[in-house]
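Below: one structure, written as structure tokens.
Chains: A, B, C and D, in written order; residue numbering restarts at 1 for each.
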Amino acid sequence: MNRRLRLGMVGGGQGAFIGAVHRLAARLDDRYELVAAALSGDPGRAAASAAELRLPRSYSDYREMARQESARPDGIDVVAIVTPNHLHAPVATAFLEAGIHVICDKPLALTLAEGEALAALAKRQQRLFAVTHTYSGYPMVRHARALVAAGELGELRYVQVEYLQDWLAEPLEASGNRQAAWRTDPARSGQAGCLGDIGTHAWQLAAFVSGQLPETLSAELHTFVPGRRVDDHVQVWMRYSNGARGALVASQVASGEENRLVLRIYGSRASLVFSQEEPNQLWFTPLAGQAQRLTRGRSLSPAATHATRVPAGHPEGYLEAFAQLYTDAALRIHAMQAGVPPPTETDDLPCVGEGVNGMRFIEAVLDSHRAGGAWIPL
Amino acid sequence: MNRRLRLGMVGGGQGAFIGAVHRLAARLDDRYELVAAALSGDPGRAAASAAELRLPRSYSDYREMARQESARPDGIDVVAIVTPNHLHAPVATAFLEAGIHVICDKPLALTLAEGEALAALAKRQQRLFAVTHTYSGYPMVRHARALVAAGELGELRYVQVEYLQDWLAEPLEASGNRQAAWRTDPARSGQAGCLGDIGTHAWQLAAFVSGQLPETLSAELHTFVPGRRVDDHVQVWMRYSNGARGALVASQVASGEENRLVLRIYGSRASLVFSQEEPNQLWFTPLAGQAQRLTRGRSLSPAATHATRVPAGHPEGYLEAFAQLYTDAALRIHAMQAGVPPPTETDDLPCVGEGVNGMRFIEAVLDSHRAGGAWIPL
Amino acid sequence: MNRRLRLGMVGGGQGAFIGAVHRLAARLDDRYELVAAALSGDPGRAAASAAELRLPRSYSDYREMARQESARPDGIDVVAIVTPNHLHAPVATAFLEAGIHVICDKPLALTLAEGEALAALAKRQQRLFAVTHTYSGYPMVRHARALVAAGELGELRYVQVEYLQDWLAEPLEASGNRQAAWRTDPARSGQAGCLGDIGTHAWQLAAFVSGQLPETLSAELHTFVPGRRVDDHVQVWMRYSNGARGALVASQVASGEENRLVLRIYGSRASLVFSQEEPNQLWFTPLAGQAQRLTRGRSLSPAATHATRVPAGHPEGYLEAFAQLYTDAALRIHAMQAGVPPPTETDDLPCVGEGVNGMRFIEAVLDSHRAGGAWIPL
Amino acid sequence: MNRRLRLGMVGGGQGAFIGAVHRLAARLDDRYELVAAALSGDPGRAAASAAELRLPRSYSDYREMARQESARPDGIDVVAIVTPNHLHAPVATAFLEAGIHVICDKPLALTLAEGEALAALAKRQQRLFAVTHTYSGYPMVRHARALVAAGELGELRYVQVEYLQDWLAEPLEASGNRQAAWRTDPARSGQAGCLGDIGTHAWQLAAFVSGQLPETLSAELHTFVPGRRVDDHVQVWMRYSNGARGALVASQVASGEENRLVLRIYGSRASLVFSQEEPNQLWFTPLAGQAQRLTRGRSLSPAATHATRVPAGHPEGYLEAFAQLYTDAALRIHAMQAGVPPPTETDDLPCVGEGVNGMRFIEAVLDSHRAGGAWIPL
């Protein structure tokens, strides 16, 4: 087995949410060692957070971190960026320019232009730029993608994806919740609220499994909670090149829902249904036929097998899916360091190109919404 | 118990589908006796069909039937209209003019104007005009409506209704299937294909439970099967007066789906989910809370209790829901015949007004579709 | 279509439960006309109940009814017996002796000896004796039986059947509930409480689908509710001739359960699971394979098709299953009256032989329980 | 945060199964560092396995390992024992005698006497002896236990636990499968096959949640696969001190089942159902009431909260449950090292006492089986 990669992190200090998830994910498959971080821009908080995590090297300035780490012989191989959205681009730029691989949370950036610049930079620097679209890490999502790619669904007809939560159903940002505060602040989150936070996940999941991007979309945003400065509800229609139709809805005000991300894909020969809250199974139903419940561990596509750790009937979950992205990233980085092509089993790792697609989606939705739902090409 | 009402039927001869369902439904609660019918416009088929059903009186001309039955001392009290759509209005008109109550399948008519004329005629004649929106007969649908009416969901936020089937995923109309043939023939089905056939059910269910009609809608139709002359896929967005949003999809080309009619209603305080394929249960989930599985027989709203026959755990289904409409109609007709107000427990019976709403929906969707998805007021 | 059979009923007057279910079931498929009944042994109640049902002929003495009906040219063809258990045998005897076919509720009788005498009498009189083991009427139960018979499961290994309710979790019989009163009164219900009431259903379902009776059983009964005079909880182990094992549990004190009758059959090649509360589906899973959700309407065994009325996705339920037994009985009676062999599609109708098996089960369980769980041959 | 504990491992080399699971579990919450192991008794395999895991210190003799590690200043704090069953007792003895804490897989030992000796030794040495009954680590299992302890179910009535798999439905041990080989070899697995492998999990889960052990049991074992030397199917009845009943079944030949561990507990006031394959939810249903689906992340007992990492709707699974045991063990060891009482939130960690209960269960089942199902006190 290869050595553990040296991992750095920017963001994710005390009071943060997704940073801890990244750390769990990086740890699970034992391919990383977290050795350095700028957990907060506030020096006190950064130091306290680092101590709590027993980190050897702590920074409060990510530029300084990029500089110093790239200069050390034992500097980090790769940095995980888990800051609020507005910092994704500057932080990623700093590390890429320092020659350090990047694993970045989504959405990729604040604007499409920013995103495209990152993609160009990553290419120029020949560095990995993974984007943590977590749900791509589920074995049954990968199996779904493999089934579509193998033509099992026939011609695409209808894609329905919904992502419903209720955690922002009330004005949480007004009551001191840090997560809610930055996610509803356009300066830190971007112009897209729910759209950027979970709409991009739904979009990516549909594209990842269907293997297609729509040609055009029509969208409307809505804000249900009075005083909120970003959207908390998104509806999108899509049209695909072959005439297939799609519908996407994302909402953070759907009372009672925890994290309902459901994808349904209908083809001319069969359909697939995946529900994130029950990720160990995938439903496959032929036209005029009967549903088959495909389960993780008994679905033998190489893609699904590659992403599974324990036998069928022993559920894996969200952290395992997240860990899979980290594992794929590690396999890619080792290959790049060795100067060999990336292993084919890492083909399912979402990278900066998918992040750019997400930004394109955000901008198209915003454009369509402003134009009263006009159909916008992608 | 009141005497059995004398029931007539127009349509529903050999090879038909929904006529047999109406007969089962009329029989279940023992409030009707089928005594006369014009089962087909073809005299031979009408007679053969009537003999098979052991019917005392058979006609092949519905006008003749209306005339003769209204003249007999033991003539029918009420007629069930189960013809293809284009005959709903002329048949209903003939019987209403003869002073006979009507139970009519949906969609109500070919056009909104026709539908409105029927509503006016029923009012003028002081006759019942029930429309068989079957799904309104389910106890848990009625319980859902009662919960919304009681304010349990808070303010309406998002209504999602989908009705997906796969039976028309291939060009069945080209292979001699009689059901497919008339349903895809604009002359008999009207301009709305899937839209009229199941879209109206989805629309009615959402309105029935939410207690609201949207103010405006935006829609697109699509035809997936080459050569088909009507739509087989419908997508609609809705906006409600309080700003609530809605999304409706109906498709008859959704591979693998049998009869997936699912309604999700999200309010500011709680949500409801009903799935027609599992009609003995209803999910109720408070904001930030945990789902409750409400079951038929243990849900004690008067509306649900009125519509249930056997104890909890003994499933009732589609025919029982259909029978409930017949029972409610019988209770109404007896009240009308007795000159007393209709019993309050029949308030949930869909009548011609809801049929007119369905026609209004169809026309608005057609208008919006032709206008490239423009928002159309209802 | 054949003429409607003239149906009589004994039991089922005001305040009764299962009588109304039999009437709904007899009506659904339009093969019967209820024309005479002894709805109660109390003349006043019998008359009032008959009037409510608009019955032409009412009796209060079932012997008198058997005598008179057999003497009339338009007398009943068949009688439905829906009394408490202790009357099953005397009533059935009276009608069989009068040459009238019988449809009887379960358990068949109070003792095995009584049951065997009924079977002998029915054979001697050459009359139909159907026993309403309702769950045999479900299409997916019949499909399950067909799959087992076709060898799809391989060799039988393990049969698990459970029937759990909570309606007797408290001493309902002490609070005036008539259903609870007779069902917990050994004089009317027999020595078997829960054992006879629902244990026999579980037993019959397992035998019906597996196509086998165990060779021996070991059992224990328990009474949880203080003061109750019969068992309210039953546990049974079974051994089959090929070494297969079985476990049966029936309980009427299982808090929260409505009518949980679940059958799981494991063979050397595959397994089947049927849950009565979701009767439109059946799960089939091959060894090391993935579950298939077989649905009513898309499962094309002749046995399932024969027992279905409406298309896939339009749920049928308990009353339809019950009606199927009445329909099968009608088909049999018409064949007997015509002197032709019974139609093969009625092979799934439970008759007096299965009723006798049920009595044999009851006595074996009682014997084993008294002997401290000793293994008792059947 | 405390320092990482230094972890050792015995067993779990190349080709093993559960060792890798222990390592994943130990890593997840970052409380351990694996620094030494005797991964195999074969020196070559031990070394190769250790290299693959980048282990600093590798042994092939566990006694040597215990000796050396206890002598080092940086020796291991705790050892994980993941060998076949027959080595549990000798290995645990060696490490306990060396003063090293133990985390041991189940079943605890080959015999009850061995198990009791281990318990006594752990007590004498004042060392932690955790037993990895994984399913106790699920948040919803802990929540269930808390609900029972709080009296929410009323008085216990019926406990039903089943654990069904199909992986040994065929003679896998004859085809070179190493897992199957040792698990069906009495010399390595003990006399209990399925009984020890998964029956003990079912037993422990029932006891853990119900808070009670039965007073007596009656059991039978069976071997379905010809030539197999241990049982592959177990059935047990239980009686509790208050008269409550229980039934346990465990089978490794149940075609189609992956890892179906389901616990149902019925009390006089309510019931609970937990299914291991859907571990993020727990069903709670009051007597005569409606089911509530309690979910991880929204079930706020301290016990459940302590065992959860990510928000509701983000599924956790088997590895997280396993990791929880490791975390609880770490919290206990730190407390012991600090000389303070164990934190109350670790009360749910299964320790050697539960392991002894498991051995008592195995011996009682074997005794009852040999005595033809006689009731055996525990």
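To be clear about the criterion, contacts are C-beta pairs under 8 Å (C-beta built on N, C-alpha and C of every residue); 3 or more make two chains touch, one makes a residue touch a chain.
Per UniProt, the chains are A, B, C, D = Gfo/Idh/MocA family oxidoreductase.
As the structure is a computational prediction, the values presented were derived from the model and not from experiment.
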Centroid comparison with chain B (C-alpha atoms), farthest chain | D
Look at the interfaces C-D and B-C and say which one is made up of more C-beta pairs in contact.
-> C-D
Just curious, how far off is chain D from chain C if you go by their C-alpha centres, in Å?
-> 43
Computed distance of Cα centres, chain C from chain A, in Å = 55
Distance-wise, how many Å sit between the C-alpha centres of chain B and chain C, to the nearest whole number?
-> 35
Multi-partner residues of chain D (each touching 2 or more other chains) = 167, 257, 288-289, 291, 295, 298
Partner chain B, residues of chain D touching it in the complex = 288-295, 298-299
Residues of chain C touching chain D in their complex?
-> 153-154, 157-158, 160, 162, 164, 166-167, 169-170, 218, 220, 222, 224, 233, 235, 237, 243, 245, 247, 249, 251, 253-257, 266-271, 285-289, 291, 372-373, 375
Would you mind writing out the residues of chain D in touch with chain A in their complex?
-> 1, 3-4, 21, 23-24, 27-30, 52-54, 165, 167, 257-260, 276-280, 295, 297-298, 309-320
